[in-house]
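Shared between the two complexes below is chain A, which pairs with chain B and chain C, respectively.
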Partner chain A sequence: MSEHNQQVQPQKNKPMQNERAADAPLRIGVYICRCGGNISDVVDVDRVAETVKLLPDVVTAKVHTFACSDPGQQTITNDILEQNLDRVVVASCTPFLHEQTFRGAVSRGGLNPYLYEHVNIREQASWAHKHDPEGATIKAIRMIAAAVGKLHHVEPLEQIKLPNHRRALVVGGGIAGMKAASELAGRGIKVLLVESSQRLGGQLNDRGRVYPTERDAKELVEELARRVRTHSNIEILMQSNVTAVSGFIGNFKVAIRTEAAGIPVTETTVGAIIMATGFRPYVPQDGEFLYRTEPGVVTMPEFLQLLRSTPDAARKLTWNGRVIRNIAFLHCVGSRQLDGVHEPPPNGRLNTYCSRTCCTTILQQALEVRHRFPSVGVFDFYRDIRTYGRGEENYYSAASRAGVTFFRYNGEEPPRVELTPRARAKEGVLSVTLNDTLTWGTELSVPVDMVVLGTGMMPGEIADLIEQMKLATGEDGFLQEVHPKLRPVEVSVNGILLAGTAQGPMNIQETLAAAGAAAVKAAAMFAREDVELNPYVAEVDLSRCCGEALCVTQCDYEGALQMVSMEVEGATVERAQVNAGLCVGCGACVAVCPNRAIDVNGWRLDQFEAMVDGIAAAIPGQECTPELVNIH
Partner chain B sequence: MSDPFVPKILVLATDKCAYPGADAVGKAHQEYPSNVYILRVLSPVLFPEDFYLRAYSQGIDGILIAACGSDCPYHGAYDRLAVRIDELTSRMKSGGLEIERIRITAICTVCIKAFLKEIAQMSDHLYQLGPVNRELAEQLRRESVERMQAKARFPRLAPALQGGLG
Partner chain C sequence: MNTQINSDYVPDVLVIGGGIAGLQSALDLADQDLRVLVVERNSSIGGRMIGLSKVFPTLDCASCITTPKMSAAAHHPNIQILTNTEVQAMETRNGIHSVRLLQKPTYVNFDKCIGCRLCEYACDTEYPDPFEEGLGSVRAIAVPFTNAIPQKAVLDAEHCATCGVCARVCPTDAIEFDQQPRTLTIHTDSVIVASGFNLNAVTVKPQYNAARSSNIIPPTMMERLLAPHGPYGRVLRPSDGKIPSSVAFVQCAGSRDESIGVPYCSRVCCMYAIKQAMLLSGALPLADITIYYMDIRAFGKGYEQFFQNARAMGINFVRGKVARVDPIEDGDLRLHVETTDDAENPLQEHRHDLVVLAQGMIPAWNPAATTPVACASDGFVATPSLTDPTATSAPGIFVAGAAAGPKDIVDTIAEAGAAAMQVSRYLHEKRAAVLVGQAVHG
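Now for the complex of A and B:
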């Protein structure tokens, strides 16, 4: 633990606006989000609003189509000011998405952000109980009742401030990592760039010309590498791996091991981490489309290598001493795999996703073959052509014009690569056979000399980092962002950002855009002197602490909780004291105190009990409405 | 007039694992009964025995502690939690409260199937058992608080602990 941690104590109960007399009833505002139908298609939000108005001290309950939108937040802020609200509930999506958003809205209304409670009625109600709208509606009401109950027991809290280390770690020295590093360095931020191999540029080093600019990838790599090598803000560690990560935004402790002998493990502190760990090319299994069985079957990276090593002046394309007269390209090898059709890769998980870059790469290479070796016949076997990016469709039309012959297969029936029967072997030793859907399922067999497998992308092998950094991965195994549209380069751990294909298949343009976004996000984090953390740490209520010291025995964090001597009513006594900089808020101490003298701020036992009561209680107004009560 | 019994299930779900795990169930549009209520907690190690017993006394029929297991981000918390739940379970057993009403399990951020299975299992148990005996739970809660007080060197009954059914 670093020394600066020791000094912080939460500042509590700073007077805020909206102060009220101690005995005055609360004024709670409840906001229910339709989420554009995601919630309101299942949950009867109007009924929820009408019902929760009957809860104690709820003075307003409103429905909004998108509570997280600017107008949605403005409604909350305005109501706090105009209706003098002193507690706010928003029932919307998961707190991981918008709890911070609404704490911000509440703050702008002059209210302490911890007088806010978030209720998750999307992931945990409308989406999970789609076929039970009545049940989902009742659940939403009870969850809001729980939140309202909790808000009767909350107090203002102040965030804990820790110094922000203005230095970023970029993991991976491919184009994504180099781009992110140079963007950050250009903004005056120190960067530590860690690359596991001996060269910067990663996969791009071996790619030849790249679409849609047709520039040599080497130029791109060299341009970026020159920038990062010469920038005084960037420190590069080659042949190095990040072996340990702990801490949090502004204060990550990392350990880096360099392969060269004699170099000790580097331990250092950074404020943000950019994951630019890239992808692994899919390697077909032995025998998949005769790969590694027949030398004429190669992967796209291997074919690119062949083209690059063939001199420009060469009239013929030769491979393994064999002149290539006809060549087949196969799309979707190792991508868009189907259960029951494809053998899962060794990790047991089918690559069900589209690798996105292979179609255009195949068409680009098909064109290159036709241009450089006009006598070579090119046959393209596709499932779908997905030339989705700007300028990429041109490759398809150009390939069609250049005489590339296209065949289309059904995903359930991939083409078969076989040895050509002896009688036709002169035409090509290999043949690709398919039921061609462009000719209404006709079985066609094309003899060729070479088959190029359009292999896709696989997630990088970074299981250790994923484990240590508590990163989420998607079903595809790639690192997962918080939100694909709203927060595309952030992960659920604050201070860690994603750049490039570590997140999923991307082309170079997308990779560089993501890397730039991640760098700017990190730079924005560094704009603040301090990092603000939720004040979720234990606190002792001295009016209840009797010095039993039971809590201290339960704490596994050295220095976080100890007994200290103090004067109480003239006598020197021992009392428990929390060091907020070292307390992690686990609450192991809370359960053992016979006097309930210690609690975790923001997660107090009385707050949980109030929530349980809200869930267990009858739905307000269900048994007898207030009108009926009045009649009696 | 009485409606058919629908058990109320409380899930104490950890912020780092089970709560996002429960979110993942919704995101995948997988369904589970709507009588399942999920409370987000940093670590369930926080809760004293009387918290659980109090929940039963308020009419919660079953409690699923959905923790992080070996992924627990806090040193020692999971082991302490396991011991605490063990003690609670034996207390419930000796006190006559069905132990099927409490269960501790680990649910990860993507453990959709495990979450659904745990809910289904708890649900089955509770339909068989019927509603919780709230009076018995309240009696056990009081005993639990008294036992805690009796062990203290400086006993001082905090008012919050004396209260009965809310």
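Now for the complex of A and C:
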């Protein structure tokens, strides 16, 4: 097993193409994308192409409607081969979308993919200066000039290869965690599953029959639990918590503490971590809709518990010794909250999102009440009925047919739950009052015995893990993916994946699908012997380092930079050393080194200088005026 | 990418449909070193998504997200793609699926075609461009659209005038007028059905009178009007090229209605209507935009915020049922609306100059007719397993994306990954069992 702080340095291999004579001029190709119109509607791309053609060593400059499309990429590949290009610039959208795409095209032309510069003239020129086409066009030219300048100072780089531990840690033993674990195990990958509670199954434990299958959640939980318990590739740690995480993709060191007495902290190495820590049900604030003030006001989980504990044979529904004759269900409690309408919770953050599962759960329960206790009146107070999923709309139509009465309120005017005035109290001690938009805003007051709050989902309480793993959360507090379509289960830390409701509200089917999607990313990662990382990491020039360690003090990433002893001319000295797996290439070390002894590969100081020179240099037909420089 | 494939090619997985679901599954499988064959009946991969303008909830341009996946699949050493090829039938024996494919003639030899488009430029015959929803026109022989994959010309026999000019200008002699349909059977261990969705007809509700006005349009046409590289490069209404000043979106125009056989919710229409409304208000700052809806179903991550932003932008949301749409003078439309928003005036009439009908999503293909895969009562592929949401009724055959019910791109991509995971687990377990069997018997 390789040590987590072992040294891996980027290899600087020979370029893939024959080296040309050192003094021969470069041959740079520049490709400018119209992005359908996203760029060319503002930036005069033809003028950009004509102008940048005049830059030193640019041998071709072409415009394409979609540079990222296959023909666009093909043009680049062909030009490399036919025109012997040795450097390429693409000016298009954000590198976040397409830098990899174009590196691929460059590689297919036989060129080292790091002899490539990506310029973002969509977000940074056409979109930022939509109302200033002239300025945007000049800015695009200058940005390309900077890239061309930089390309005069780049060398081929190779991806960093790190050993890969073919074993995944799954945090959380709800259905998401169990699903991800069993899929990976079935694929031949070892899994360590860590669950903090005493039971597998998460929030679905004791849920009873679930929509839309109307099967007992127990069947699902037990089937998945059986799979994870019986699979020889899976090791389970119950009542356990991950207490420390360090390292990087392919090589995470984790420490796990198990509650039970006498068990030592487990320390182990895994290649990937799947976060399946789930959600927390929303708990209303004291007094919110009279919750905890009036016993007749309950949350959905409490109501589910009540129905479950009421024997099938029972003819009446009773709660707190009282027979329930009328029930109100309130949608969107703790979800879809609006600024200025809802009281923010102590943490100050409103739950502005939709919890996705409450509408159908409410309708399912409303139906269940009507079927089991036909004499009980059921009233449903909603904003929008969101039975969007497969088989869910049926609950809505069935509820209407089964005599559930619907009232609709505007988000700005949530219904009020109050004690019923004495005169009508025998119809129900509580009443729900609203301006019912189904009857043109008429104010109605409905007396009931019980109010069920359709409480939604809240992010889990995992602040410590978020801190340990440097995870991002969205405005909603749930774990945040990199991009909902391009990298929907990945986070900005490589090797950490998201599964299920830890990422946001989902129903069972969506949770299982998300868990599968997370598992498949881990499976693909484990299909390789090594993990490969971008070579943009710091490198120490030992001939200049004098061991002052300013860089180490400045470094924010534990273990990325440290002082080591080495022999220099017979004396033992301290020198800085980079751990390529942990370095993120932020450059904080570069800024503090008094001797210019540390630099970031691919973003070296001389390269930045060349970019600045490129921006400011005179371009034929392009005066470099002060206001021009101001654009930046 | 290889367009010449024969029956002796045995992929680990055959993926039916080259939409975003099929492509994502293929990539997730190929990255595990499994060999994948993607079969697509259209002349380009990319599915519905490649025709969209920008996509909710991030408003990225659809091409910018789809093209890299299309391109990654096309260049992946483990992926083969057959376009213009339809899956017709499938049977399973001893765990091996034999999939019958129909390769439609393109009248162009793909091995020779270099995508230079000289034929397209020379061709004199034009017909309404299906990619542009009929708004622009396309030559009878053409590369399907700018970012199509593969970049090969395809001849449309229905519209070809057989003048032969394409054959004369083709520098590589790729035109083959005598091509015949070819059937081909591929044997494989596993299959993913990713055949996606269609929209029901705009005319499905006669009371909306779509047949009587070209200004009552499908939402897919609005996508093309809004696309930066769309047919007109701007939003103009079809009948007379006027810049619309008052646009209506009629929601649930082909869904949530038992009488038309689509009782279910199509799941994406609320969000794409809101998206189109936002894009329209950017393109036409002076236009009035109204969305007539029953319930706004903005349920996904970030979607509610998207909806609230649209309200803040001044888009009109009117809750009510559109009872009828009548074409009136000047190409305009009168909507008869029963609304619960206005007590004084519950039955309203509103005049608009362009109307978008949110049609319902229906399956694009019915595998139950010719394969072991069962469909549910809604017509989409049935997924009977409690624990494996992408497993179909047939072992070794899985499903992803809109083929298993209406779905947006985010949910489609998650499901595609899940299906790929199930396939790789299935193959791993199946092959391990074979090895064990061999060890026992040998």
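What we mean here is this: the second predicted complex is superposed on the first by the 464 of 632 C-alpha atoms of A that agree within 3 Å, B and C clash if a C-alpha of one lies under 4 Å from a C-alpha of the other, contacts with A are read in each partner's own complex, and residues count from 1 in each chain.
Just so we're on the same page, a residue touches a chain if its C-beta (ideal position, glycine included) is under 8 Å from a C-beta of that chain, and two chains touch if they have at least 3 such contacts.
Bear in mind that the values here come from a model prediction, so they are computed numbers and not experimental data.
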item: Which superposed partner A:Gln73 touches (first chain B, second chain C, both, neither); value: second
item: Which superposed partner A:Ala24 touches (first chain B, second chain C, both, neither); value: neither
item: First (chain B), second (chain C), both or neither touched by A:Trp440; value: second
item: Dominant contact partner of chain A by residue count, chain C or chain B; value: C
item: Which of chain B and chain C A:Asp606 touches, first, second, both or neither; value: first
item: First (chain B), second (chain C), both or neither touched by A:Ser492; value: first
item: Touched partner set for A:Ala463, first chain B, second chain C, both or neither; value: neither
item: Touched partner set for A:Ala591, first chain B, second chain C, both or neither; value: first
item: Contact residues common to both interfaces of chain A (with chain B and with chain C); value: 475
item: Complex contacts: residues of chain C adjacent to chain A; value: 28, 31-33, 55, 57-58, 60-61, 63-65, 67-68, 70-72, 74-75, 115, 146-147, 149-151, 227-229, 233, 256, 258, 263-265, 267, 295-305, 308, 319, 340-343, 346, 378, 380, 386-390, 404-406, 409-411, 413-422, 424-425, 428-429, 432
item: Partner chain A, residues of chain B touching it in the complex; value: 8, 10, 16, 20, 22-23, 25-27, 29-35, 37-43, 45-49, 51, 54-55, 58-60, 73-77, 80, 84, 109-110, 148-149, 151-156, 158, 160-161, 166
item: Partner chain B, residues of chain A touching it in the complex; value: 94-96, 120, 122-125, 127-132, 135-136, 138-139, 142-143, 146, 470, 472-473, 475, 492, 536, 544, 546-548, 550, 554, 556-557, 584-588, 590-592, 594-597, 600, 603, 605-606, 608-609, 611-613, 615-616
item: Touch list for chain A against partner chain C, complex; value: 34-38, 41, 65-66, 68-74, 93, 97-98, 100-101, 104, 108, 179, 183, 186-188, 213, 215, 219-220, 223-224, 227, 336, 338, 352-354, 356, 384-394, 397, 408, 437-442, 474-476, 478, 483-486, 488-489, 503-505, 509-510, 512-521, 523-524, 527
